[in-house]
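Some structures to go through are shown next.
In the two complexes that follow, chain A is the common piece, with chain B as its partner first and chain C second.
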Partner chain A sequence: MDLSRVTFLTLAALATVSAFRVVTASKIMHAALWLGFTFLMVAGVFLTMGAEFLAAAQVLIYVGAVTTIILFGIMLSEAAEVRGGRDPVAPTTPKGPAIIRRFILPIVATLAFAAIMIFVYSQAPWPDASAAPAGDTVRLLGSALFTDYVVPFELAAVLLLVALVGAIAIAVRDDHKEEQG
Partner chain B sequence: MPLDGDVGLLLPEIIVTLAAVVALATGLRPQAGRAPAVWAFLGVTAAALLLLIGEGRGQAVEIWSGTVLVDGFARLFKLVFLVIAGLTVLVAADYVRRRGIPPGEFYLLLLLATVGMMFMAGSLNLLTIYLGLECLSLASYSLSGLLRRDARSTEAALKYILIGAISSGTILFGMSLVFGATGSLHLGEVSQAVSSATGMTPVLLAGMMFLVVGLGVKMAAVPFHMWAPDVYDGAPAPVAAFLITGSEAAAFAAALRIFLVGLPSLRAEWTAVFVTLAVITMTFGNISAIVQTRIRRLLAYSAVAQAGYVMVGLAIASDAAVSAMLYYLIAYAFTTIGAFTVVILLARHQPADEIQDFRGLGQRAPLFALALTIFMLSFIGIPPTAGFFGKFYLFQAAVGAGMPWLAVIMVINGIISIPYYWGVVRTMYLSEAEDRSPLEAPWGLRWATVIGLGATLVLGLFPDALVRVVNAIQVVPGLPIAF
Partner chain C sequence: MSFPVAYPLILGAILFALGLYGALTQRNAIRILMCVELMLNAVNINLIAFGSTLQAATAGQLFALFVMTVAAAEVALALAIILILARREKHIDIERVNLLRW
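Coming up: the complex of A and B.
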């Protein structure tokens, strides 16, 4: 096993573990920090596969902007349970059938899924990974985005507009406009 | 690198996008009045007219380096989406004002959701299809939660976004497996690569299953329907009608393209999966609908059941089945929007969540009660309504494909569905209302009902015209891979 394979597996394992911590952390602040760490590990995975531009974009946008905004959102929130301290849904020890539902069933499902996917991946005659495009990946990406993929690119812009307007429409505060009926 | 950039064939999408932005801008003024609704309606109408009379009819061309495909299939689906959006605007005009929904944002999200659906039907490129789907999904999540003081609406939006995000991830995983196995995002090249590659079948099968699950969520197929009753019940009523008809039709359009064009070599596998899903979906939907007492939950489970019928067409996937499916989707869209219009009308005057609230509607609003009766007949599939021919063609396709037992299951399901649809009609005519004052209807609701009723009856009495149109539709475009 060569070094790049070891690096890849280490980064991927770290990303998986920290992603798991995002959903299991009891404080939302910790979850947000784990999320940032996950993004960083994914950027590392991109680097090991020769996608330098994607890795840089991942660090700048996800680690830099997205995580920071989530942290701001948490700190500016007025709801006490969001800002930390108490856990609104106190963890309880499940009993009886709940043990099956909350522990055994998810574990069995996960293991079965992992087994199927490993089988599927190991069966396939994957092509050699030597076909990485030579030269300047940023230039290649840029020209692909603005020539072959210009319609999906514009559609992504529409998608961002939808996300922006949708988020504002749901989150905006309207004190004076009362709904009737 | 030269571009075969043809803007003319993209004009309908561009017009709808522009109309959405104009509707948002006019909605920003404090006294917006009707302006956003009018702009939205004008944009949708202009785009639909352009599709009907514009250039490039009757041919299949792939433009923008194969990221957009314009053919009969895409054009018909785009037209259906635009009609659905137009009817939704008519229905919503009064609703939005009365419930204090911000009009600019509402129409922008509605129209951009329509743009997303148009790209889902109008491409053979998985990237474009996925972006269209995300456009539709994100708009649907926020549209569902626009009644912010209504706990049901918030619950609907939250459930929808959580389950929808997982389904998007699933679709993306499936697409990435297909891409990994074939090295292309273009469905035409995918199918060529599949037929020449050996040993990739397990990966493709896994990708296919992910795609089935992800699209199944959008179609509200059992067992991926958990979000549907809550969303169709809790979202603003026009949005629910839009999602049941438009979002579902878009998911079926994308599924037809992905499975028939991209993965025809796995046909035996996906047919088996879809037949199973179809039977479970229609049976579960119909049986759950029987016990509902809330009208919109009844319509929600009925929508799940109808998705099961449509899926029969997807499972068989013969030419006849695809035509039947298109017919059914179109007929069902008019019927559903019509039925929702009557529900919205009643809810204008009183809290009308329960089926019991329809008591005496036959006296209070005879025209609307009659219309709802015909819509219910169409849901059951009784002639001379559009729903009858929709089901009839699906039976025919099932028998023609050598699956008569599937037709039998559909008939049994039709019989199961009679009591709950008929219960609504009985309540309207045979129970006395406490409040007998006649209902006033704003013009938007009136027109939407008339159009829904007219289309349901015309498609039921003269099905031949539409049958000719849908029979001419080819899911697999006969064009060479252009690059």
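Coming up: the complex of A and C.
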């Protein structure tokens, strides 16, 4: 058991526990904070796999932006719960015919997926774990991004612009209609 | 990586399964969004692990980077839609939303 393996297993265990809390926490605010913790642990996992730039991007984008946006979304849309009330759509055990659709089928699908994947991964003849790429991965990533992958890079830029304008347009147009109607 | 590549792959499978279970069972739209983000993160772990195993670390990490870009765009749009939903319907319970049913 060398150090990086111990580190990976610790981070993986913490990520799994906090991801479980994301699904099961009774208050959605707690779920969002557990989600941020999960993202942080996954950033650590990226570090142990030799993806330094991805770890930094994970902290910036997911922990910094996505978690914050989700927290804002909760505060704006579920004011009652944030002020200490009950979660209006608390996860409850479904009753009647919905129990098959909302309880049994998801559990079967999830367990089957996890079992098949873990079985395949543990049986497959993987090549020996390669040595981490020598040199700084940031330089490699940057040069690949602007040579081989320049078209997807520009498309990603356009996608982000469209999403930004689209998100604003959706929200603003709705405001306008409400004022009229 | 000085541990077997199956470790991060199994971690990715577990996180994906948790996200899948949450996305299938939850009724709160924001929590479903969180579960989808969890699944995307699990996919990123897999991409990086496969990349470093198949001697294509740069390609794997770039794919993960593009997934992150799309996820950021997705979360912004999804929350805009959820906020409209919360304003119009006064709830974000997807079991009771049938605006686009037909």
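Note that in this section the second predicted complex is superposed on the first by the 135 of 181 C-alpha atoms of A that agree within 3 Å, B and C clash if a C-alpha of one lies under 4 Å from a C-alpha of the other, contacts with A are read in each partner's own complex, and residues count from 1 in each chain.
Throughout what follows, a contact is a pair of C-beta atoms (placed from the backbone, for glycine too) under 8 Å apart; a residue touches a chain by one contact, two chains touch by 3 or more.
Since the model is a prediction, treat every value here as computed from it, not as a measurement.
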Which superposed partner A:L140 touches (first chain B, second chain C, both, neither): second
Which of chain B and chain C A:M117 touches, first, second, both or neither: both
Chain B versus chain C as contact partner of A:V17, first or second or both or neither: neither
Most chain A residues touched (candidates chain B, chain C): C
Which of chain B and chain C A:V158 touches, first, second, both or neither: first
Contacts of A:I170 with chain B and chain C, given as first, second, both or neither: both
First (chain B), second (chain C), both or neither touched by A:P125: first
Which superposed partner A:Y149 touches (first chain B, second chain C, both, neither): both
Intersection of the chain A residues that touch chain B with those that touch chain C: 117, 121, 124, 126-127, 149, 152, 156, 159, 162-163, 166-168, 170, 174, 178
Touching residues on chain B, where the partner in the complex is chain A: 1, 3, 5, 10, 17, 24, 64-65, 67-68, 98-100, 102, 105-106, 108-109, 112-113, 115-116, 119, 125, 127-128, 131-132, 134-135, 138-139, 141-143, 145-150, 157, 180-181, 183, 198-200, 202-203, 205-206, 351
Residue ranges of chain C in contact with chain A within the complex: 1-11, 13-22, 24-28, 30-31, 33-35, 37-38, 41, 44-45, 48-49, 52-55, 57-59, 61-62, 64-66, 68-77, 79-88, 91-93
Of chain A, residues touching chain B in the complex: 116-117, 119-121, 123-127, 143, 147-152, 155-156, 158-159, 161-163, 165-170, 172, 174, 177-181
Of all residues in chain A, those that touch chain C in their complex: 2, 4-5, 8-9, 12, 15-16, 19-20, 22-23, 28, 31-32, 35, 38-39, 42, 45-46, 48-51, 53-54, 57-58, 61-62, 65-66, 69-70, 72-74, 76-78, 87-89, 91, 102-103, 105-107, 109-111, 113-114, 117-118, 121-122, 124, 126-127, 129-130, 132-133, 137, 140-141, 144-145, 149, 152, 156, 159-160, 162-164, 166-168, 170-171, 174, 178
